[in-house]
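Shared chain: chain A. Partners: chain B in the first complex, chain C in the second.
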Partner chain A sequence: MMLAIARKEFIHILRDRGTFLLVTIGPLFLMVIFTYTLTTDVKEAPLAVIDLAHNDASTALIDRLDASPKIHVERHLASADETDNLFKRGEVVAAVVIPADYGQVSLTRVPQVEAIIDGTEPISAETVLTEVYQIADAHSRELAGDALQSDLFEPPIYTTQERLYNDALSSKVDFYPGLMGMMLGLPAIALSLSLARERENGTLEQLMATPIAKRALLLGKLWPYLGFGMVDVYALLALGQWVYDVPFTGNLLAYSLIAFLFMFASLGMGLVVSVIARTQQVAVVIAILVFFIPPFFMSGTFFPVDAMPQLVQLEMMSLPATHFVTAGKAIYLQGTALRELWLQVVLLTVISVEMLEVSTFIFRKKVVGGFRRPAPPVLTTKENALS
Partner chain B sequence: MIGHIITIAWKELLHLRKDRFLIPVFVIGGILELSLIAWATGQPIDNIPMAVVDLDQSPQSEALIDALDASDTLTHKQTVSSVDKVYDLMQRNDAVLGVVIPEGYGAAVTAGERPSVRLISNGAEAVQATEAERTAQDIIFRQGMRDAYHMEPADYESELPKVTVKYNEDLKRGWYTLPAESGFIFYIFTVILASLAISRERERGTYEQLLVMPYRSIEVILGKALAPMLVGTSLFLAMMGLTVFAFGVPFRGSFILLLVIALLYLMAEMNKGVLMSIGSRTQLQAMLLVFVLAIVDMIFSGYAVAVDTMPPAIRTLSNFVPIRHWLIIVRGVMLKDVGLSVLWPHVAAILAIGVVYATITASQYRRHTD
Partner chain C sequence: MSDYAIHVEHLTRKFGDFTAVNAIDFSVETGEVFGFLGPNGSGKTTTIRMLLGLLKPTDGTAHVLGTDIRHATRQFLAQVGYMSQKFSLYSDLTVANNLRFFGRSYGLYGQRLQQRMEFVIELAGLGDFRHTPIHELSGGWLQRLALGAAIIHEPKLIFLDEPTAGVDPVSRRDFWELLYTLSQSGTTILVTTHYMDEAEHCERVGFIYNGDMIAVGTPSEIIEQVVPGQVIEVHPPDALAAQQKLTSAMRSGELAAHGVNLFGAAVHVLTTDVASTQAYLREVYGATYQSMPTLEDAFIALVQQADHANGGSPVPA
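And then the complex of A and B:
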């Protein structure tokens, strides 16, 4: 029985162009766009320089700033007055003022540059800030060291850096496994539409007239989307591996399991949405609000969950995407073994079962369409008054 | 003509009032979404878990660990005995930063011999790792100055490069995201309403009736546009109010200017919605079309990530997306107190895009009877 429904739904997906695109090309297409546009890696951010010194030291500093891949010197200004205007026009994101006595080092005084940063875009501003600061700091230390022939200006403690999993700290590598959680929400959106569509088209009544059990009906609807979703998983993994240089280091089987559980859980949520929503439009709106936007912000993809208020963290725990991003990312980038991720496996399983139960519980196999319910009397009288 | 437009607009508003789901979902959903994002982005990146390997066990190394722990950014989660254990923790995502203090650290730092501290960061959490590295380096430097030279920050601050941040002094992410998010909410709901306007008639079979009415197509389109405009404007006011009064994003520029531009912007977006509505056969198609376009918009617009960091081709393309200009305007007016003299190219772009959409819409309106 369930298989019959699944087969019907599968054929439906194949024949409905919109749904078919949504569950096949959709995730890949979005992923391509997202990876190109959502990177926060700052490249060649425009910088204004106000060089009041005009000596070898200041020229050397400007060259060094320009040489950094993160920033580039866009404008040379005579005075700092103009910087406000440039900031407002968005032509530069930072201005560096080199004082007139730059490079004239003594034991008691090391002239330093002053940097002004436009904080409107905090993420890139922070990168630019760090870069400018480090370059200026290192340069002035060198200048002082050379001029006074002393190592007094070296930092008191050196640090060596070692970066695991993602040597360049590239945001793309960080985001890719998280973005998969978003992309794999698309089949769930398609599923929420599907049931609402049956209701709207009146074919749900036909299904109700069959002796099929509620749970079998809902599960039968779910399986085909799960199948397409799993195909998406491997397609996205291939895309990451060979097109975007995000190497998959973990165990493919473990990843498949996590992905399967996640898909099941979010499709279960999709069922709940479609049972609640009476029309397809409503289903779309709710599905976008539930599947797409929160994972974008909340699943640790763009803002780490650790830094969020407890209340929000708690709420995040109820979203399957959060657990998928945590576990999937660990397997994907860090090669973490599945037994370390037992908590996520358990939680995803719990959400899956819970969603299936909830949707079965609230899904009534009776013909109570939204259309047949009589309008409340208040509305009717107002209606008359208006016309 | 005005009368005809108002009649159509009134009919549309009645439709909206009859729909007991769409408007509550919009209003409650919008407010919920904005609040969630305000909560999520309202804080700097804090409490980054840190693991420490102290091979020295001297008062100096303990002072360094305390100093690192005292910062809001880092939290001393665990002390482990070897570097391998740090790798272990990283793999389980229990640490984003590992700090390894070498043997003889205390003696070396007091003697001014410049010991070397090893920092290990977890690249899988690139955002946190970047922040953690930066904070750790800063603290280690300050602690070194204290232990080696007995100098407090006030003694050498003037010897370091001075950095001033303008407009968003504390680099709060919310100040960047919230104006964009509120703009996004009022825009997407307006476009959804607009896109349903004509596809609904088509679906119900009343489209033909509209066509045979003695109304000109421009009157019908304007009337159909007026209702979503009203809803959109009220949403704009509500969202702005929330952003400023509830979530504390400063409003430094002229509100009247922003309101006027908002109306122009809504008009442009709405034309897009009506056009999509004409192009699709069912309400659902229209809605999905809006959804796809919204994602495209979200990406091209610098909604979450600055446009400047995108590849050049995409940056050029993004000029044709009205929301990109809107975001520049709303952030400029709110945070930087920018006036029309700077913003006019963006306002002009919005107008131009709106006119193009309107022209296509008007020319397509009558052709699409099945």
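And then the complex of A and C:
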């Protein structure tokens, strides 16, 4: 009987264009849009310069910085004290401090340029940082000439971050596996909608009158979305690997297991949403709040979990996306072995079972039909006046 | 109790402080076509949901096919069929897919599923539409398909909640023919409707109004009890004024009648004293027509009595 539900649901997905798009190209499309807005080339990012050297070398460096298409030297400051204010007002995204001894190169040491970065502007600041590094590096090498052996060379720059959110700025490579957790929320949203739709259409009441067990009904609806969700997982991996150059370094089987557990847990949450929501509109709103916003902010994609208030951290532990991002990132980027990620496997399994049981429980308690306002009784036979 | 397919005692359902079904009692015998009648919002659907175990009663009990509905199991649901009030098939699936789905939901498979599908398609005359997505079918076909889906598992008892609402008269008649066929093969049928003409097709009827079961019996029993005698019909130029005038004449005892009802442009006067009433009406309005009272006359009388008992207001708050 569960199979009958699954089969029927599968046909629904194929027939309903909206649902079909949502669970097939939806996640890919969203990923492309997202990465596009996150990685579009930064042009003429405003920069503050604090030149403590005031010599030919420092002037040459500033000219080169300004000449870069990605950087515009917006302000010249006397000291670094003002940068924080400029960051807060959004006038610049980074500041470069050129030390007083800039240009004096010895065999073992290069004077380092300090880059101060606004941590709240990770994308443009990162671009600026890379650009400043390259320019300063090239310039230092030129100044040192052949005298310098490259392996003795210290980095010509060191970085300081103000208004810090993230110890290491996210790069495309870092956030791609994390973003996958967000995109893969789409099948769960589609599932929530599907059950809410059955409630609205009255087919749910008909189903309740059949001998199908409640858990089988919910599970039957879940499987097809899980299938499509796994296809999405591989499609996103392929997109990352070949389009965005985010190399997959781990074990695909291990990753598949984590992704499967995550999809199941996330769809389970979708079921909970849909047994609570009375209408499709309500389901959509709750689903977006549950599947999109929290994974975006909380799953470590942009902001480290450790920096969050404890209550929020606790809440995040109950979100499948958090564990998927942690484990997925580790396998994807570092090739971490599954046995080191047993905690995430256990947590995802626990959440899966819990969500299924919670949704089944609520579903059983649920009053059929839902609330309707009492309509005044009317005899609809022929017109007849009741005195 | 075992010769009853349905036996209901003091069944009550409240939503908050609103009583949707108020301590109703009735029984349906095995093999009977029972009409469950009442205006919209009177508690028919709520009662059926309770009888299927989909909604818990606030008070009272009911046994359906011998099962206490407070402990309805999946085995119980496998023995009853339900065609809910709202159109509830999957409009993106074909006729065959819908039937197959509901068949499987009831645990049918293989040969037997195929056999039942063929039987139902044949019965409903849907042979030509087997592979048509059902959103392309018109009301009458859909109604028969929905009935087919409700009986695919050969239930002993079926609940039909306003199966003919919004369907044209010809389709309605065809539908009732189908119900007779089913009934003849031994299926017990509880059908709700607010079309009074359909009520006459039922072996027994129960009339629910504002949650109260105000009459149960065979149509002729109810008519006999509630509106004994005959109906004298007149067609005055101003029916409403005439109805008011005749009502006060009846109350003062001047007119020997026990009911004066408006039927469109006609006024029906219910009486056991045919001769004198006819004479009285002829004098005032000329031609009169005489007929037997219908269930509709009985229900209007019952509703008036119920409203009267409620202090004259037609809808209790």
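The definition used in the following text is that the second predicted complex is superposed on the first by the 243 of 387 C-alpha atoms of A that agree within 3 Å, B and C clash if a C-alpha of one lies under 4 Å from a C-alpha of the other, contacts with A are read in each partner's own complex, and residues count from 1 in each chain.
The definition used in the following text is that a residue touches a chain if its C-beta (ideal position, glycine included) is under 8 Å from a C-beta of that chain, and two chains touch if they have at least 3 such contacts.
Quick caveat: nothing in here was measured; it's all calculated off a predicted structure.
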item	value
Which superposed partner A:36 touches (first chain B, second chain C, both, neither)	first
Residue contacts with chain A in the superposition, chain B compared against chain C	B
Partner chain(s) touched by A:234 [first = chain B, second = chain C, both, neither]	neither
Chain B versus chain C as contact partner of A:361, first or second or both or neither	neither
Partner chain in contact with A:342 - chain B first, chain C second, else both or neither	neither
Common interface positions of chain A, toward chain B and toward chain C	386
Of chain C, residues touching chain A in the complex	15, 18, 38-42, 45, 49, 52, 54-55, 74-75, 77-78, 80, 82, 84-90, 92-93, 97, 100-102, 104-107, 194-197, 209-210, 240, 243-244, 247, 261-264, 296, 299-300, 303-304, 307, 314-315
Chain A residues within the chain C interface of the complex	1, 3-5, 7-8, 11-12, 15-16, 201-203, 205-213, 367-369, 371, 374-387
In the complex, chain A residues that touch chain B	18, 22, 30, 33-34, 36-43, 45-46, 85, 87-90, 93, 109-110, 112-127, 129-130, 132-133, 136-137, 140, 154-171, 173-174, 193, 197, 277-282, 284-286, 288-289, 292-294, 296-298, 302-304, 306-309, 311-312, 315, 326, 329-330, 333-336, 340, 386
List of chain B residues in touch with chain A within their complex	14, 21-22, 25-26, 29, 32-33, 36-37, 39-49, 87, 90-93, 109, 112, 114-131, 133-134, 136-137, 140-141, 143-145, 147-149, 158-173, 175-176, 192, 196, 283-285, 287-288, 291, 295-296, 299-300, 304-306, 308-311, 314, 328, 331-332, 335-336, 338, 342
